[in-house]
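Next up: the structures, one after another.
First subunit A sits with subunit B, and in the next complex the same chain sits with subunit C.
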Partner chain A sequence: MLKEDCASTLKVHLAQSLPLPSNVNRPRIDLIVFVVNLHSKYSLQNVEESLHHVDATFFLGKVGFLATGAGQDNHCSIHRNTVLRLAHTYRSPLFFCDLEVEGFRATMAQRLVRMLQICAGHVPGVSALNLLSLMRSSENPFLEDV
Partner chain B sequence: MDSYTAPESTPRQSASSRVKDYFIGATPLQKRLESARKLTSFVPTPSRRKIPQCSQLQEDAELQKVAFLLHKQWSLYSLTPLYKFSYTNLKEYSKLLSAFIAAEKQKGLAVEVGEDFNIKVIFSALLGMKGTQRDPEAFLVQILSKSQLPSENGEGKVLWTGWFCCIFGDSLLETVSEDFTCLPLFLANGAETNTAIIGTWFQKTFDCYFSPLAISAFNLSWMAAMWTACKMDRYMATTEFLWSVPCSPQSLDISYAIHPEDAKALWDSVHKTPGEVTQEEVDLFMDCLYSHFYRHFKIHLSATRLVRVSTSVASAHTDGKIKILCHKYLVGVLAYLTELAIFQIE
Partner chain C sequence: MDETVAEFIKRTILKIPMTKMMTVLKAWDFLSENQLQTVNFRKRKESLAQDLVLLCEENGVSLNDAALLDIICEDIDLSDMEQFKSSFKKILQRALKNVTVTFRDTEENAVWIRIAWGTQYRKPNQYKPAYVMYYSQTPYAFISFSQLRSNTPLLCQALTIASKHHQIVKMDLRSRYLDSLKAIVFKQYNQNFETHNSATHLQERRLGLDINMDSRIIHENRIEKDRVHRVTQEIFGDYSQPRLEFAQYKLETKFKSDLNGGILAEREEPLRCLVKFSSPHLLEALKSLASAGIADAPLSPLLTCIPSKGMNYFKIKDK
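Right, the complex of A and B next:
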């Protein structure tokens, strides 16, 4: 993501789990992306626990889920529908991206940077909440049954 | 700006009404399209499955017939429906296939030193290997070496065995027209070269397609739970799991063996609904194993990949290898494998 061209300064903070230590001065967080590795149940459990530490206001468009590893089906310990349900419960967008593949990684980075720009308020006329409802309406219509 | 707030309700309604039209008076092709569409949309996997029932093969004669299927390692393949396959032509198929194999071997494609080129292929029907009456009959293909000496009137050594079956394959049988025979599960034991040659012949003759069936870690944990749930009179083997840790430079394998009665006791404490296994129970069963391991070794097994499961009923490897140990639950094990094969075909 840091390779992408962006008008303002882009800072990425990586963390294994939340909550982040509170004694450090850090700039405002605009977007949280939870990465779930479909090969490892542990990563899902980690994400589920970290979600409890996120303030409710973030879920209005400033949280996203990224599921990686769907390309290798026999390595998957988590069913695709589990992450779909998780994303649906938290009303946040879910992206599938095999982070091992260079091309997919670059495309995903572009999408995330664009999303970040909107969440930070740098794109006039679109807010994070607008983006969220826009993405929701194009999602699978069958989600409503669950 | 108003242009950005897309109307939420309209796209959803039009999509669902389009889907409903397909349900009425669907031809098999439309049904296939519908099932394909369902899989790409948000449909939960079966969250509950039946525990394999103790099968009815009680008579000794039938036991003898299936005994050769047990205790052998089978490689799994999924097979698309066979076009214009007929059970009455089995003898003809045997002749055609023998000729084909002989021709292939003379071409020099599969030449092994000291191999007996006099081989015989036998097609035979496997009666009783089905889940419901609708399932097509299973059949068996064997390559035998013809004995050189005329005085021996035995059959000769079995070089390769393969069998096709379909257990509870209703979801596939509904969508297929009458010219096709659905036998989605193929199991092979023997040399890889023979499997390849026979695969080529079937693909050319019946316009089908083989693909290796790999079992994901998710399905392996389901198998572990379902097979531990089976009631056994006596346990022949310990319950064993094998995990592969993805770490560089070399991968590490963790093997975890439990006494089968302890595993059954653990399962019984987790199990609630009689006769059925649910997703929650499987997850809880595996989580108990993981937390026990973590308490002792401080290693998160849930971050690793389950590669092999071995119980007294059967043992399965993620590469698509299976060994069935117990004749009572043979049909039950095959039913789950058929489900995976059908899922892969679709």
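Right, the complex of A and C next:
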């Protein structure tokens, strides 16, 4: 992501889980991407627990889920539908991207940077909420909106 | 006397196994009977060597004398090895009329042995040989058993007798990589160990460093990451691990459960269960488990004791 050409200053915080340590000063967080490794049940469990610590306002377009490992089907212990349901429950977009593959990684990074710019309010005329509703309208039709 | 000569003699003496010490010194014939009698051969080798060097200095030992000592050591070594080989071959040939035994000497006082097995009535099968790597100065032999399993006891017996030991103990340590087995058994794994993957390792490390140096990436769990790294270093060290492909745990333990009931919990008999870990490079994989977030650090001692105990096949019973 840092390699992308971006007019804004980009900072990435890596954390194993939430909540973040509280004794640190941090700049405003514009986007949270939860990475789920489909090969590990522990990964999903960790994300589910971390989600409880996220303030509700983030779910208006500032949260995304990234599922990796779908390419190696025989290593997957989490079903695709499980993450689909999770993303649906939290009304947030889900991306499938095998982070191990250089090409996919680069493309994903590009998308995330664009998304981040919008969430930070650096793209005039588009807000995080706009983007969310735009993405949702192209979602799988068979998933019902409850 | 020259410092270097004294040092050379000391090192040569340290290389001589205690069982052959007297033989070598007598063959060298540089120190007199009287002098040898004044030496306490039950001392620790280090201090014995120092005593002997002092005696040599009294006699005015020269570089030539030291060189002669070296040659005698080689000679005695070789003759021992020849004795082993002929003894080993004879034992097998006496037991099985048809057997092909071939030897190949290598450096470091070791010999490769190839055995093709036949029976009393059939010629040896050259396509299913067994291989042994025997280090004469150590009580260890590395064996690749042939597919003709019935000859295994005979092979072990021949090794035991020819090497003049009392018994042979099969270690629970198996791998396809002889160098790794050697490193574990001779306790040489805690040095920088040459592997085929050393080039890729360096590259990965360099990449990791670059990413971590970018100030735009902040690791929120730095403290925990550092702790995990430190604990992993303490347990596995800084060096490349010896290469094993499997670790197998045979469990015969009673099932323990926090929950009340459950089908398995009520049993009196131990549960029999086999857990096998496999990997192209098992120990390196275990080393990276904690930092990859897959396991907690420190790892279970059952996993980390593999090189220090020299085992990768375990049987676990209730105490």
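What we mean here is this: the second predicted complex is superposed on the first by the 144 of 146 C-alpha atoms of A that agree within 3 Å, B and C clash if a C-alpha of one lies under 4 Å from a C-alpha of the other, contacts with A are read in each partner's own complex, and residues count from 1 in each chain.
Assume contacts are C-beta pairs under 8 Å (C-beta built on N, C-alpha and C of every residue); 3 or more make two chains touch, one makes a residue touch a chain.
This is a predicted model, so every value here is computed, not measured.
In the superposition on chain A, A:16 makes contact with subunit C only, while subunit B stays out of contact range. In the superposition on chain A, no contact is made by A:53 with either subunit B or subunit C.
By the document's definition of touching, of the two partners only subunit B reaches A:73; subunit C does not.
Of the two partner chains placed by the overlay, neither subunit B nor subunit C lies in contact with A:91.
When subunit A is checked against subunit B and against subunit C, the one touching more of its residues turns out to be B.
Once the two complexes are overlaid on the shared chain, A:42 sits against subunit B and subunit C alike. Contacts of A:126 after superposition: subunit B is touched, whereas subunit C is not reached. The contact surfaces that subunit B and subunit C form on subunit A in the two complexes overlap at residues 40, 42. Listed in rising order, the residues of subunit B touching subunit A in the complex are 1, 4-8, 11-12, 15-16, 41-45, 214-218, 221, 246, 286, 290, 300, 302-306, 318.
Subunit A makes touch with subunit C in their complex at residues 2, 9-17, 20-21, 24, 40, 42.
Those residues of subunit C that touch subunit A in the complex are listed here as 214, 216-221, 223-224, 293-294. The residues of subunit A lying in touch with subunit B in their complex are 39-43, 45, 73-79, 81, 84, 125-126, 130, 133-134, 136-138, 140-146.
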